[in-house]
Amino acid sequence: MTAANRFPGKLNLRTGKVDMSHGSGGRASAQLIEQLFVKHLDNPLLAQGNDGTVFPSPGEQLVMSTDSHVISPLFFPGGNIGSLAVHGTVNDLAMSGARPLYLSAGFILEEGFPLADLNTIVASMAQAATAAGVQIITGDTKVVEKGKGDGVFINTAGVGVVDSRRQISGERAQAGDVVIVSGSMGDHGVAIMSSRENLEFETTIESDSAALNGLIADMLATEADIHCLRDPTRGGLATTLNELAQQSGVGIKLKEQAIPIKPAVHAACELLGLDPLYVANEGKLICICPAKQAQQLLAVMRQHPLGSDAAIIGEVIEDPHHFVQMETAFGGNRIVDWLAGEQLPRIC
Amino acid sequence: MCLAIPAEVISIDRDTDNASVAVGEVKKTVSLALVEDVNPGDFVLIHVGYALEKLDPEEAEKTLAIFAEMDAEMAPETTTVEGDRA
Amino acid sequence: MKFIDEYRQQDVAKHIAKKIAAAVNPERSYHIMEFCGGHTHAIFRYGVQDLMPANVQYIHGPGCPVCVLPMGRIDMAIQLMKTEDVILCTYADMMRVPASGQESLLKLKAAGGDVRMVYSTQDALNIARNNPQRQVVFFAIGFETTTPPTAVAIKQAQAQNIENFSVFCNHVLTPAAMTGLLESPEVAQGDQVQIDGFLGPSHVSSIIGSKPYEFVPQTYGKPVVIAGFEPLDVMQATLMVINQINQNRAEVENEYSRVVTPEGNRKACALVDEVMTLRDSFEWRGLGFIANSALKIRPEFSQFDAEQRFACLRDSAYVIASDHKACECPSILRGVKKPTDCSLFGKACTPENPMGSCMVSSEGACAAYWSYGRFRDTHSTEVNCA
Amino acid sequence: MTAANRFPGKLNLRTGKVDMSHGSGGRASAQLIEQLFVKHLDNPLLAQGNDGTVFPSPGEQLVMSTDSHVISPLFFPGGNIGSLAVHGTVNDLAMSGARPLYLSAGFILEEGFPLADLNTIVASMAQAATAAGVQIITGDTKVVEKGKGDGVFINTAGVGVVDSRRQISGERAQAGDVVIVSGSMGDHGVAIMSSRENLEFETTIESDSAALNGLIADMLATEADIHCLRDPTRGGLATTLNELAQQSGVGIKLKEQAIPIKPAVHAACELLGLDPLYVANEGKLICICPAKQAQQLLAVMRQHPLGSDAAIIGEVIEDPHHFVQMETAFGGNRIVDWLAGEQLPRIC
Amino acid sequence: MKFIDEYRQQDVAKHIAKKIAAAVNPERSYHIMEFCGGHTHAIFRYGVQDLMPANVQYIHGPGCPVCVLPMGRIDMAIQLMKTEDVILCTYADMMRVPASGQESLLKLKAAGGDVRMVYSTQDALNIARNNPQRQVVFFAIGFETTTPPTAVAIKQAQAQNIENFSVFCNHVLTPAAMTGLLESPEVAQGDQVQIDGFLGPSHVSSIIGSKPYEFVPQTYGKPVVIAGFEPLDVMQATLMVINQINQNRAEVENEYSRVVTPEGNRKACALVDEVMTLRDSFEWRGLGFIANSALKIRPEFSQFDAEQRFACLRDSAYVIASDHKACECPSILRGVKKPTDCSLFGKACTPENPMGSCMVSSEGACAAYWSYGRFRDTHSTEVNCA
Amino acid sequence: MCLAIPAEVISIDRDTDNASVAVGEVKKTVSLALVEDVNPGDFVLIHVGYALEKLDPEEAEKTLAIFAEMDAEMAPETTTVEGDRA
């Protein structure tokens, strides 16, 4: 039975809008799933069409992660919420050293949301999933009344497989390790802020949103004993480093001059009074590893398109206070604290 | 709160009395309601969406020269002026 | 970025640091108040203190508009939101400032109040244009830097007949604050706080010029050096203050001459003068009521004066509110105490959960000290990481 | 390092409210996670505290499923959105014949939401997870501005393990099979409607929200070749049977008198002009199996507390139109169609 | 449930079915119009047709208020929402009814319009009380059953001075609809549609009584049996119509005597009469303009009359809107065509995506036929499942 | 749209002229503004939150009796009245 005769008429992807019936579980829901979601995301596992999707276990050690995406605006230079939702969870899986394989996708749509926009978003998800080598194998769609949502929220959860001998975790940083970042900080957050209605500045910066599993695969192929991997998303580099310092019970000492920041990001932050160390990223990672293996790792990272600007930005030290400190480019010292309050709302 | 930064005037819309200004690679529209005799190429100090005042490049040079000045009792040292980020 | 990067160079900083080290008299100490929160922020963010000799101490001044606004005025704005169906527009800095009864604009917004953060008075005007059926009130705060944009908006509202727009004016004057500070008992008597000289406001001075500070050396005998907010500006101005002190001079000098002139921006001043006039008296957090220290909207523009439009904003409705008992903001704003002297610092009071205004703005002394500088202080860091 | 000294002060669970900083990724986020989420949900896997959670693969054949929960009101007789979010995904996993094991939880909180309510909800999740024998091993929290959400939305995704020889799928219904339900229809939907502000009727009906994996384990322990399992949630029994008929390419013939419906549910539906066959359930299942094994299965189901009212309600027939038809209690015939439009909004 | 379950018993149904089978004359056919959508719904939902002999045919009548409301009136409500900042309250049934240009209240709501579904006029009043700064308009539709609750709300709004509440009155009268139907060319001439008798309204009659239908037998010679909406009521009333036909009688009989009296509910009628009065003429979908067929709010209550309050609702603003070209609703409402005669039925037009009003309400003939009855029809089912 | 169902009056609040009515095991508050002489124990027909009219139990009995009536030509058959759901 094809879509054409299962549902009288076709979903109006040009001018149609989400209405409450699309979330009712009834025929309108089924039509939306078939003519929009499955159209883009089709794969043999998703096609099982059951409440749960069955798949053969990919290995002995698995990893699971989830992220909800509530970004505003939904479309931004370099991506949209659809591609972001795939990258967000793929990256969180990859940060355990895992090979991400399967994603679920949960959509919360606001009544009145244009089907054309939803179509674009789901197409981006499909593209991002293919590029990252993952499959979206199960999903869910809910609709909330106008004024009870914000266009579309997307949750993704994912499963990946990891080599059982690997031990990559936020608690493994130790004095003598160095801190590497895979590229310039703050691109994603600045790209999003630039498209905010009430901020409105012009920049050539695009979001760095990307799947990092390829880069990580290359890193794992080296001899290096990677202690920690984490993507500095919400809260930026500063907050993520504080998390790691806290989790491992260490201090971190950064060198401001070593932190790669694009001039346009730097300028945008000056303009808005923000600190780029607190601006979100979605296609960058922090790697902590023993100092003696860092150069080798750095060389491999720089071979990968997503790691070409990789740099060592600091070192792990002993510190009973678990401070992240920084030698400023100016020559002084300061704490780089957790983000307090909110930097700017809703960047992932 | 009193955050204000220097920006270069790129173009001026005399009708709206707004200017497009550049901070490094970033552009933004600000009001010129508070300043006079501004022209493209000038630098202005911008604050909450307004140009507050023009910058005086000569005075800026002088200040930089003072920064670099040697005190009688000090040995000479490198003081070339350059951006701290390439 | 031109006019920015040049003022943040490490090698120049080292050079000026050496000059300062050479200049100071090891026999004495130098207590320099940086007047502005912008200076405070730069000192902490760039680690300027690390480049200073031990006997040069910065004292953090009251130059943060968020910090000095008394709670009673925020209470009024909250009362307005509770009694009238208005859209309240304000700069982001105001959102988290604690008001009476643990309230804040942020909490009011979370509870459903229509509070909008704006980046410019132009945004507030746009909100009024787009919501013709709603009353839109701009909660205006700030020193002379931020005042002219408010005046422009009021003029535009008049010219374009934007009837649903009004301004709750809380603009205050820095020279008055300096007077208030210098007249405060602890400073005037010099027994509790010693101030040897001032780093004077940078961006405020771009509007009002450097002349308005001449009373400080003239009347109080203390040097003032107008200083930019870049770290090299702060260092150079510090050197200039030290030199005045060493030479027993007391005058107004201008380090920030690329922007500030003796007279300031006449056009902006004229605009402000057209739209606003002096209040007889205004309360400042930490400094109490200071005569002629704030601005109100002139009767000619009363149509856009929220204090005229809404009964709950009238002077007669003003209630002096007491800060949290243990909060030392008032003393900190007078330079009498340091953040670490407050028993709440880093315990009940952090930027996530500020008990006083000095912990809110990143220019507030408590916030700057907590976020950038607490590694210097065993007491505070132990609180955080026992 | 304990929560008490990691964060100055404690989360105010009495009068505190969610604000934007709780979603910033900064220290306020970390405090919320530690003092509220982890407090209730704590388990060794969650305690890894990394972006992804590593766990040993539980078997050869795995199942994954997801559901977002956007129910209104959040609290209802018999449960709240927290317990519901656990049951929703546990049940979808169990419908593949799987043993549900691990859940992820993604929260989207609306600014201003009372922390006390969130605390109650998360406590219910923890309880429901423990009762169902599953662990919440990874999570995410986002905050949206007031007016861009509706209190709290919860996504859960889950992973379970299934016996490789099992083949339970919506496409396996065939003529000669019978249709069994595990209990009375419509309890959940009616319980929720009864607590809606503008509907307001009084009833003793409680939501049937429950985890069905225990009941299913008992069913799987029989010899029966279960063809299909599905929980009749959104869209109710009617819509779920239409899905199954469509997926298997069969018709279904129901006997109205055989369908268990509680008198109070029946009355509430009369009052509101609703058809109980379209009202949502969350602790009931539909089972399709060969007729000759039905009595045995039924007997086992009735032994289980969640299956005590199990009943055979109809049979699978050949029908090129894939209709679900019903012999009415009145003696006539009618179609039982897919839900059209929406029954009532937001019941799961 | 008392007074419900007794009227749904299978054994009794079989018994009445036998009596009908015995009563019918096999030589002739019986075309009985069930006037109300409530009857239509019961016939399909319970499968009553299956219990009837082949020569007893139900013809679906115009008695569905959602179905007969002309598009022009919905267009007006939409126009109101687009031009004024009102909260529009209405019963759920109205949400999906197609208006001109593919609009509907549901789409308007999805696009941000403040449309609220209510279960009672009391809900609408409460919304008005809770939103004193907004205009709250109740979009009132329905027959005599639904009219008294509207009248009560208007009286309450007056008594309690709820100034921001008004009613857009679209209440219509069933006897007038019967006239319109019987006078329509196809029925009057009897060549296109044959009606041998009527099942008369049940709940409408609980208010107006059975007397108002006496003109039907008297003037048009057709029997009317007031019939409840339970399936046994429908069957028994069918038997009673058949008996009248067989006996060549034409009178008003009352099967639903447990609720309906000849005079109806005088208190309710008096209330309606106090608040509303006849319109000269009103358009009905399918039946065109019918004189004295609808109610408007009396001048004494004009304060609560949305047609007085908002210019876009005035009679002069009314524009006759044409239904979708291929939609056969008008003919279906006159009993001239069946849903399956429409080329859009089950293709472009389904309950998910209704092209005409008869597909919207579950009491509309097209919706009932599609949702409950289409297994009887190869044509339509093949469309769905090729 | 004209959906209305019989409900038993449980209690009456004379101040608000509202009644609590029961449909089977479900209770709801409705307005009595349209009916007169209603007492607890009466059944009323309820519609959009209002009682429209009282039910007449005697007439109901009569109707049920008519349903059960034998036609001359028909054999006797069970016609006991009971709910269709236990």
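Going by the order they are written in, the chains are A, B, C, D, E and F; count residues from 1 in each one.
Throughout what follows, a residue touches a chain if its C-beta (ideal position, glycine included) is under 8 Å from a C-beta of that chain, and two chains touch if they have at least 3 such contacts.
All values derive from a computational prediction rather than experimental measurement.
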Can you list every chain that touches chain B and also touches chain E? A
Just grab the chain with the largest centre-to-centre distance to chain D, centres being mean Cα coordinates. B
Among the chains, which has its CA centre at the largest distance from chain A's? F
Counting contact pairs per chain pair, which pair wins? A-D
Where the centres are mean C-alpha positions, what is the separation of chain D from chain E, in Å? 38
Length of the line joining the C-alpha centres of chain B and chain D, rounded to whole Å: 61
Between chain C and chain D, what distance separates the C-alpha centroids? Give it in angstrom. 55
If you average the Cα atoms of chain E and of chain F to get two centres, how far apart are those centres in Å? 22
Please set out, as single numbers or ranges, the residues of chain C touching at least two other chains. 1, 4, 8-10, 14, 119, 123, 350, 352, 384-385
Quick one: which residues in chain D touch 2 or more of the other chains? 1, 6, 20-21, 26-28, 147, 263, 266-267, 270, 322, 329, 337, 340-341
Can you pull out the residues of chain F that are in contact with at least two other chains? 3, 5, 23-24, 84-85
Contacting chain pairs, sorted by label, are A-B, A-C, A-D, A-E, B-C, C-D, D-E, D-F, E-F
Inside the complex, what are the residues of chain F that reach chain D? 3, 5, 7, 23-29, 84-85
Of all residues in chain E, those that touch chain F in their complex: 1-6, 8-12, 14-16, 18-19, 22-23, 36-38, 63-66, 91, 93, 119-123, 141-143, 145-146, 148-149, 152, 201-204, 206-207, 229, 232-233, 236, 255-259, 265, 267-268, 271, 361, 363
So in the complex, which bits of chain E are touching chain D? 1, 4, 8-10, 13-14, 17, 44-51, 96, 118-119, 123, 231, 350-352, 367, 370-375, 381-382, 384-385
Flag every residue of chain A that touches chain B in the complex, lowest number first. 200-204, 257, 261, 263-264, 266-268, 270-271, 273, 329-330
Within the complex, chain D is touched by chain C residues 106-107, 109-112, 346-350, 352-353, 383-386
